[in-house]
Structure formats: C-alpha cells, structure tokens
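Below, chain A partners chain B and then partners chain C, in two separate complexes.
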Partner chain A sequence: MSTNIKYFGLLAEITSCREESLGNSPSTVNELLELLFEKYPDLKEKDFRVAIDQQLVTEDTQITGGEIALLPPFSGG
Partner chain B sequence: MKDRKPKNVFVEGAISPEFIATSIAKHQSKTSIGAHDIFLGQVRADMVDNKTIKAIEYTAYEEMANNKFHEIREATFGKYELSCMHIYHSLGTVNAGEICLFVFVSSPRRKVVFEALEYVVEEIKANVPVFGREIFEDESHQWKVNT
Partner chain C sequence: MNRYSRHIVLSEIGPEGQKKLSTASVMVVGAGGLGCPALQYLVAAGVGTIGIIDHDLVEESNLQRQILFGTSSLGTNKAMSAKKRLADLNPTITINAYPIQLQAQNALDILSGYDIILDGTDNFETRYLINDAALLLDKPVVFGAIYKFEGQVSVFNYKGGPSYRCLFATPPAGSSVANCSEVGVLGVLPGIIGCMQANEVIKMILGMADVLSGKLLCYDARSASTNFISIARNEDRIKQVFDERDIFLQNHSGSNYSCEPVEISVEDALKMEDVQFIDIREPGELPFIQLPECIQIPLGSLEQSISEINSEKNIVTFCRSGIRSKKAVSLLIENNITNCYSLKGGALALEPAIKSLIK
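The block that comes next holds the complex of A and B.
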C-alpha cells in the first residue's frame, strides 16, 4: 500500500512538490516522519503539524489510510 | 438554522471595496438587524531587512479550510445571538493595501457583534490552514507568520 501526502506552504518548497506518493506504508505518524526526515533533512528544522483526513493528529497516531497533509504554521488573514 | 453546509469562503485575488459595499447593501432588506460589524484584513507593506513587501500570495488546504470556516461559523452562531455572518478570504496574489479577509457579522444589538467579530477573526487566524507567502519588491520571499 502506498501513502499519499500533501505538502503546503514552505514545506512544499522543501519537498519541491505539493503532493507525492511514498512507496512504503508507515504504521504511525512517527514512522512517517522518520521516513520524511531521511528523504528531506531540511524538514527536521521546520515547525509543522500533521493532519489525517483534515484532523490534526499526534506523532503516536496510527495511520490506517486517509489523506495525510503536512501543515506549516497557519498564517491566514 | 442548523443545517448550514460548508460554503466556499475563498475568492481569487483581492476582495474589492465594491464587493464589500454590495454585501452591506444586501442587508437592507433584513430589518431585524440593528448592528453590523465588519473586519477587513489588509496586506501591510512591511519592511524587512530594507526590503518592502509588495504582495502576499495565499494558498490553502482548501477542503480542510472550508470545513474549519464552517466549524467556526457553527461555533459562533452557538455562542452569540447573530442574525447572519459572512466570511471571505483571498487566495492567490493580494497586493499591499488591498483587502485579503472580510468578516461581516450582524445582530439586532451592537454588543454582540463586537464580541462575535473578534472571536471569529481570532479563530480564523489560529485554526484555518491558510498560508501566506510574502513577496518583496525584488521578487524574493518569506513565509508569513501570524502574531
């Protein structure tokens, strides 16, 4: 199973894409972040939150599918 | 009043003064309203390291943002006795001096609209996934941070 991830704001600059599919399927958010930090070391220094199906989640959240998004600090208005 | 569906809050580019005027005019038929309050967010030409911001380019996680706007609307109607509420936020490029956020609340009485408006604006700033890319006159950029 592949994992689809959306990137927003400055995170999309670091990854050079707004959306991608990872070949592997991490079982927790923590595992996902480890994979992403390996692929994009610059992400480590950035402040961001993870949402699954538009709900903010914590690092120990299980990933059982759904739309994953990495969100930098919100700056609307 | 309970079955409001998420609306699309986003508009492409700046929110024009004419759009705001029309929105006000549309409320003249709602004669139970005694007080409106309006918040207009305007792009500021901040100077950073001797460079001036000329525009902000907004992007958003649109599906989540529209749902968050909807949650904020519902929570605000739950907390305050409002007649109606409208929220519009820009996507894409908004030049310094132009309007990027328009929040409009109406009620029979004034005190409610003052409180409700501040609540809505603060909730939007804190909880809606919108991202501002501040573009300088030399085309370099930095990412906006809400304070």
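The block that comes next holds the complex of A and C.
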C-alpha cells in the first residue's frame, strides 16, 4: 500500500512537489514524520499540522490508508 | 432602498436581512491585501458600522493587490485612506478609521465595540492577539491568511466552535514563516480570500447555515482547488487563554489606548483634504502660525474642548517641534476621535513650508 501526501504552502517548496506517493507505508504519524524528516531534513524546522482524510491528527495516530496532508500556518495578508 | 434592491429581492435576504446588515458592526483588522476587498464588499452590502484599524502607510508595492488605494494615496495612512474611498462607495453607513496598531493594551477596548472581527493582518503576533481577545470577548473571528498562491479561510470562536489555537496552538518560531514583502504574493489571491471572508461575515449576520466554522478552507490559485480540513475544538487550549486572562488584562491598561500616534509630514499634511489643524501650544508660543483651517486649543484644555472638534475631518495636531502633539493625538483617540495625526517637526517645520507656499 502506498501513502499519498499533499504538501501545502512553503512545505511544497522544501519537498519540491505539491503531492507525492511514498513507497513505504508507515503505520503511525510519528513513523511518517521520521521518514519525511530523513528525506527532507528542512521539514524539521517548520511548524505544521498533519491531517488524514481531512481530519487533523496527532503523532500517535495510526495510519490506515487515506489521504495525508501537511498544513503549515500562513501569516500573510 | 434602491441601493440594496438586488439584496432585498433575494428571498434569503429580503428587507429583514438587509436590516440585519444595517444594524451589524464589523471590525476589519488590517486594510491590506485581505482587508481591502473585504471592506469593499462589506461597505457596499450596507453593513451599518465598519471599523478599520491599520497603522501602516500606503506604499507603491501595495498597489498590486491593495485595491482601495491609488497613486494619490501613497504615503498616507491605510485606515484613513480606505475610509475616504469607502465613504464615497457608501455614505449611508458609519466608518470608523483607527490609524493605530492593534496591541494587547488596546485590543479589548477597540474590538469590544464590534459584533464580528475580520482578521486581515499580515503577522502571527496580531493574529494570536485577535484570536485571544475575541475568545475573551466572546466574538467570532473570520480568519484569512495567504502565502504566495495559497490561502486559508475559517471562522473561529463562532457558537462554541474551535479557535485558531485549536488549529495551531502557538505562533511558529520567528524564522519559520515569511511574509508577503519577503516572498511575494499573487495579487488576485488576497482578493479571492478577502471576498471569501466578507462572504462568511455576511452569512453570519444573516444567520445563514453552513458558516465556515470548524473547518479550514485551503485554496490554491494555481489549480483553483479547494481542500477542507476539519478542526475540532480543543478545550485545553481554549481554557488556557481564559486562564491567562489576567496576563492579557495586565497588558491592557483600562480605557487608555496606549499606542504610538501616527505622524504626518508637513508636506503630506498640507496636501490633505478635509483637514483641521489644531495648534495645541500655549497662547503666545512662537513661531506664530496662520492657517485657514487651524484652531487653537492648548494641550491642557484639549480634553474639555473635545466637542469643538469636528471628528469628520482629518485632524492634524501640532506643537513647537512635534513631541507634545503626540500626546494630543493619544488624548483625541481616547476620546474616540480617531482620524488624527501628529505633525512631524511641529510649528518649526510648518512655518517655512507655509512661507514657501505664499511665495
């Protein structure tokens, strides 16, 4: 099972893509973040929330499929 | 009224809905990329009382997206300049311009006078200030924020819904996020997001269902795509704001707006329309200044003489060199005369400018 991830705002600049599919399928949000931080070390410096299927989740949430989104806060106006 | 006939003909609005709009009050914090379009539609819709707070001046690089301003507004305060344009758009409503910065010290005073707050600011500090003040005052906030081609919209603190802190608990570390001036922004994007904010304001005033509360709308102008993310209320984070109420109130000094008065240059002041100069020096102080639109009220008696001041005009106070006139501006703002400036350089700078005008 692959994991589909959407990156919003400046996170997409770090990952150089707005959407991607991860080959591995991490079982928790924590595992997912570890994978992403390894792949994109600059992500570690950024604040963001993780959502799965349009619901905000915490780090210990189990991933059982669905669409993942990484949302940073925007300040501009 | 014919002005609102296209609203009134809608069965969802009708004369009752239009009346609700005319008795509502909305504070727009920030007359920038988001505030300008939101203000235009709220004013055009006939929202009865509109507040505009912004301490910034119009710069040329703003004109690409801050559509209330033109070349002639460069260098003027955004709140005052916006009010001037909007008063022409709809003279039947009340518009209060506050050319000052929203701060912990004045936020509760200023925001308490309005039903709904629209967050059109460009920094996290003010966004969290608005959120917390709105929680303490039990007022809804229509949130909008942008980054390059993307925007976020939501309604917070609405009928027991989540607050901004339920989405992002604390402001990110300083280096984590950049603002428009550093990273750039597609001009039309704040137009779209600001209009979405105005739409949510109007829905709330009309009591329509499906207000954008409890979810974050994420819009991407590149793909014209929207994503909705559900936000649940986090009681702990909301409780924390109330627990820290005393800290907030300590910063908030009673009825005093302790804010930095806006200064205006002699050149800009002399160009300004509908201006009333107030010479706040003691009688006999030199240099003697003679201007047609000038009245003399010494600083010491300013508070007793508030009724003599026409608050519809742009007030420019001056003293000898521009120090005491700042106190005068603070005093006027405390007395709800918000359209006021302190003349930079005072009478010493004004005298040669007037002389060169006469020549």
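Heads up, the rule we're going with is that the second predicted complex is superposed on the first by the 73 of 77 C-alpha atoms of A that agree within 3 Å, B and C clash if a C-alpha of one lies under 4 Å from a C-alpha of the other, contacts with A are read in each partner's own complex, and residues count from 1 in each chain.
As a convention for this text, a contact is a pair of C-beta atoms (placed from the backbone, for glycine too) under 8 Å apart; a residue touches a chain by one contact, two chains touch by 3 or more.
These numbers come from a predicted model, not from an experiment.
Undergrad: In the superposed arrangement, which partner chain does A:S21 touch: chain B (first), chain C (second), both, or neither?
TA: neither
Undergrad: On chain A, which partner touches more residues: chain B or chain C?
TA: Partner with more touched residues of chain A: C.
Undergrad: First (chain B), second (chain C), both or neither: which does A:E45 touch?
TA: So A:E45 only meets chain C here.
Undergrad: I'd like to know which partner A:T64 touches here: chain B for first, chain C for second, both or neither.
TA: A:T64 sits against neither chain B nor chain C.
Undergrad: Could you pull out which residues of chain A sit against chain B in one structure and against chain C in the other?
TA: Residues 6, 8-10, 51, 54, 69, 71-77, which sit in both footprints.
Undergrad: For the complex, which residues does chain B have touching chain A?
TA: 41, 58-61, 63-65, 67, 89, 100-101, 121, 124-133, 143-146
Undergrad: Sort out for me which residues of chain A touch chain B in the complex.
TA: Interface residues on chain A, with respect to chain B: 6, 8-10, 51, 54, 69, 71-77.
Undergrad: If you look only at chain A, which of its residues touch chain C in the complex?
TA: Per the touch definition, chain A meets chain C at residues 6, 8-10, 18, 45-47, 49, 51, 54-56, 69, 71-77.
Undergrad: With touch defined as at the start, can you tell me which chain C residues reach chain A in the complex?
TA: Going through chain C, the ones touching chain A are 30, 32-35, 119-124, 127, 144-148, 150-152, 167-168, 171-173, 175-180, 183, 185, 190, 216, 218, 220, 227-232.
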